[in-house]
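Below, subunit A partners subunit B and then partners subunit C, in two separate complexes.
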Partner chain A sequence: MSFLTLTNASFAYPNGYKAVDRVNMSFNKGESVAIVGQNGAGKTTTVKMMNGLLKPSEGDVVIDGWNTRDYTTAQISRKVGYVFQNPDDQIFHNDVYSEIEFGPRKLGLPEEQVKANVMKAAELAGVVPFLKDNPYNLPYSMRKFVTIASVIAMDSSVIILDEPTAGQDLPAMERLANLIETLNQEGKTIITITHDMEFVVNNFHRVIVMANRQVIADDDKRAIFWNLDVLERAMLKQPHISRLGYSLGIGHNILAIPELADELAKHK
Partner chain B sequence: MSIITIKNLSYQYPISESDALKDVSVTIERGKLYALVGANGGGKTTLCNVIRGFIPHFYKGDLRGEVLIEGKDIREWGMGELSQKVGYVFQNPFTQISGVKDNVFEEIAFGLENLGMEPGLIREKVDQVIRMLEIDYLRDKNPFELSGGQKQRVALASIIVMEPDVLVIDEPTSQLDPKGTEEVFKIIELMKNKGKTIILVEHKIELIAEYADYIILLNEGEVAMQGSTREILTDERALTFGAALPQYSLFGMEMRRRGMDLGSIPLTEKEAIEAVKTWMKKGVNA
Partner chain C sequence: MNNERSMLSRLYPTTKFMITIALCLAAFIVPGYGFSYAVLPICMVLAYFAGSFKEFSNLAIKALLMIVVFIFILQSFFYPGHDILWSWGIFSIKREGVEFALFLTSKIVAVASAFILFFRITKVKDLVHSLEQIGLPSKVTYVILSTLQLIPEMKKLTLVIMDAQKTRGVETEGKLLVRMKAFLPTLSPLILGSVASTEERVLTLESRAFSANVKKSSIYTLEKTKYDRLVQILLIVLLAILIVWRVAL
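So, the complex of A and B:
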């Protein structure tokens, strides 16, 4: 049963620019999905419609039976949390703890619960050592994790991460992968926008590709990363190892190093 | 001739308790591409801010050691003069937008305007950069009404158009789609071929392997390793300092582990293709 559905959803910005054109997407409860696609395709605009920050100019966005038109952004944020692409658009407190605490406190949760949510979120995001720090003195990468923690602390059933992989080092990528997996196992629906194809290969099955205001593919990663036409239209590239397989003319569905090595072993 | 010389540089932010940069010594040669890499929080952006003089001119704190740009100490450079010599592209493109211009074309022209350049020439230069970055379709848009990747392209364009001798570029591809990322690397190479000196902070190690001349690896504020790209990326110690290795190298290591040694560890796609082809031929002959 679909938990979150966009039906022919379009969005035009106040200046008249149509950024999203009749998009259809649907997500089950507990799914973990990656959204990829060219710059300006409409990814951020689309997910902002999912948490009610933007209301569709045409079509419908329905979350757990609620049509976003009928509810305020504050009401919807109990169901869908959104981590902004730019962390500096989201952060407005002078210390990390207050930043993370703001959301759950606004929900009116009991004091004990607020504290528990903050600590759990801070641990998952790896920001416990920085709770007393001013977020603006943290490096960009860590500010992003502060905003992720703020959203996790709201304990919504859907969490949307907009470009969490940008500028992250290896341990941070692992922390991200781990938090996505953990939240997903708790039954949350996780939607992750990323330009990092290796991250997609390592952490997701279902991949939605957007290009030019629309969804152009919605499939398993193996089908997506070997559909060169779709990749080309969305300004994407195959993951490095798939590219190598392709250039060598071996394997038509390779995504990872062990698979390529297996394939080469056959050729020997 | 070196264009930047840094000797025993240490720096502590004003309210901080420890040094963000510790005894850093590096020499930057003119016309080369240096990749500044390393784990998050390692001090990459801080070092960029020293090279462009933002530290100590705006951020006070405690700066020790020597930082010479063309032989003159950073403390003696005037900020106006230095900003023409060293262009800086911010890590977060959202902070680069000037906020005083209402379309992309004027945004990119802003820096040249401030230099009092003749309008015809400005138009010519801006047009050229817009073509180079393939952002003609954004020309009339409001800089604040762009997607993340579009802003990042505009931010890069607004610095490239100034043609500074030194380009300090802090993660210019972090918000770009894979094709855009490769295009930006090609543009950076083009700038290098024009004789520019480039200091590039970047996490995408496969592209660094392909394009960078030298790598400086920062770890917890210290220079953990520095050297030619090949030297650093084939040294396993780099891993322990939080650097990543290219997928192609990891593939080569996996082949070796499985007793299918390719003979060398490839760094780039091209090398990997060559290595596998040679290995396959050998297999047939043997």
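So, the complex of A and C:
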């Protein structure tokens, strides 16, 4: 039984613009899934339906037996956490600690639990040295980690990251990778929107491709990144190493450097 | 799109402003309340020609109805007077109150609808540009511009902050009390956010030589056409006729 399911979910904005058209997807506990696609493909609208910020205009979104129509976003926030694309949309406290603490406190957790959650989240996101700082004094990339920590601290079963890789340097990418892996091992579902195909190759197994308001593919990363037809329809490119393999005309499923090295050794 | 083509919206901002002022003055020159109330439908017709009939009517009626109803209730019950029209217990409606309410609301309706029309058919950008052309310093026009943009921006920001708070477990839907509770914590990030963005805006403005002491040129131009002349003359003539008629009366 999957934990989070979208069934024929569509969403139209009040002005009539249909942003998502009959989308089906489902997620199990402990999965890590990347959603990729061009800007405007409907990725953000889709994930906003997953935590009830937007209610589907048609179809259903069911989380752990809850239909999002019957619950408010505040109630759903216990089950699904959402990290906004723009950290400035989310931060509203004067110091990092109270920003992270706000969510778990709102959930009514006991004092020690709140503290433990905050420290764990801050450590995972690497924001411990800044706990007393004003989030607005931190650089953009650090602010993003503050918002990630503040969602992790709520200990929800599903965590949605909306473009966490934008503007991040290598150590930050490694921190993200480590964070996703740790949370996965705890049985949490991580759904990530990203434009960074290398990041997808390194950290995810399942990939959902969206284009033109619909899901056009939902498969293992290897199958997706070697399905050139799907990639073209979604206006995406293969990861660099796969492109190199493709141009050299070797292998049909290379994703990473070791695989390419093996394949090249064979051709020596 | 329609906006671009219609003649009315292509008028120069100051001409549009003259229409507004003329409508307001006329409302005060013509005695009685009939004409003042009629300013609203006149503005609706003008808005129709400018292609924003629906927006204007919605906004004007929504904004004015509440005010008018409240003034009517308050004035007709509490304005001091002797000529009682209707009474219930200690409350009574007096003729003087109703008359005063008619007078007051008709002027409010006239002035408000004229101004709403002005802001509906004039882009803020055009208005500011024309003010700069008149010779106002750019600091003053910037204050006008940012003030006019402040409200819609703040509204947008409030919605975003509320969304963020929802995802963090704050209940914002439901009973009035719940919603009020949710509203209060949005205030501090809203104000702080505005202050923070002010700093960034200052830097952006400076990086574009805002305070440089030279005459600036603009890529954006607005042209006065012969219609502007025509409308302006027409307005002045009409106002003059009204005044003469009023004095002669």
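Assume the second predicted complex is superposed on the first by the 268 of 268 C-alpha atoms of A that agree within 3 Å, B and C clash if a C-alpha of one lies under 4 Å from a C-alpha of the other, contacts with A are read in each partner's own complex, and residues count from 1 in each chain.
Criterion: a residue touches a chain if its C-beta (ideal position, glycine included) is under 8 Å from a C-beta of that chain, and two chains touch if they have at least 3 such contacts.
Bear in mind the structure is a predicted one, so any value in this text is a computation, not a measurement.
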In the superposed model built on subunit A, check whether subunit B and subunit C fit or clash. clash
Between subunit B (first) and subunit C (second), which does A:G59 come into contact with in this model arrangement: first, second, both, or neither? neither
Name the contact category of A:G30: first (subunit B only), second (subunit C only), both, or neither. neither
Contacts for A:M235 in the overlay, against subunit B (first) and subunit C (second): which applies, first, second, both or neither? first
Between subunit B (first) and subunit C (second), which does A:G103 come into contact with in this model arrangement: first, second, both, or neither? second
Examine A:S77 and indicate which partner it touches, taking first as subunit B and second as subunit C; both and neither are also allowed. second
Among the partners subunit B and subunit C, which is in contact with a greater number of residues of subunit A? B
Does subunit B (first) or subunit C (second) touch A:D88, or do both, or does neither? both
Location of subunit B clashes with subunit C - one stretch out of 43-51, 115-123 or 151-159: 115-123
Contacts of subunit A common to subunit B and subunit C in the A-superposed view 88-89
Spell out the residues on subunit A that touch subunit C in their complex, using ranges where they run on. 51-53, 72-75, 77-78, 81-82, 84, 88-94, 102-103, 106-107, 136, 150-151, 154
Along subunit C, where are the residues that touch subunit A in the complex? 160-161, 163-174, 185-186, 188-189, 192-193, 196
Contact footprint of subunit A on subunit B as seen in their complex: 13, 15-16, 38-41, 45, 91-92, 94-95, 142, 145-150, 153, 171, 174-182, 203, 206, 242, 244, 246-248, 250-251, 254-255, 258, 260, 269, 272-273, 276-277, 280, 283
Residue numbers of subunit A touching subunit B in their complex, please. 13, 15, 17, 37-40, 44, 85-86, 88-89, 137-142, 163, 166-172, 195, 197-198, 234-237, 239-241, 243-244, 247-248, 257-258, 260-261, 264-265, 267-268
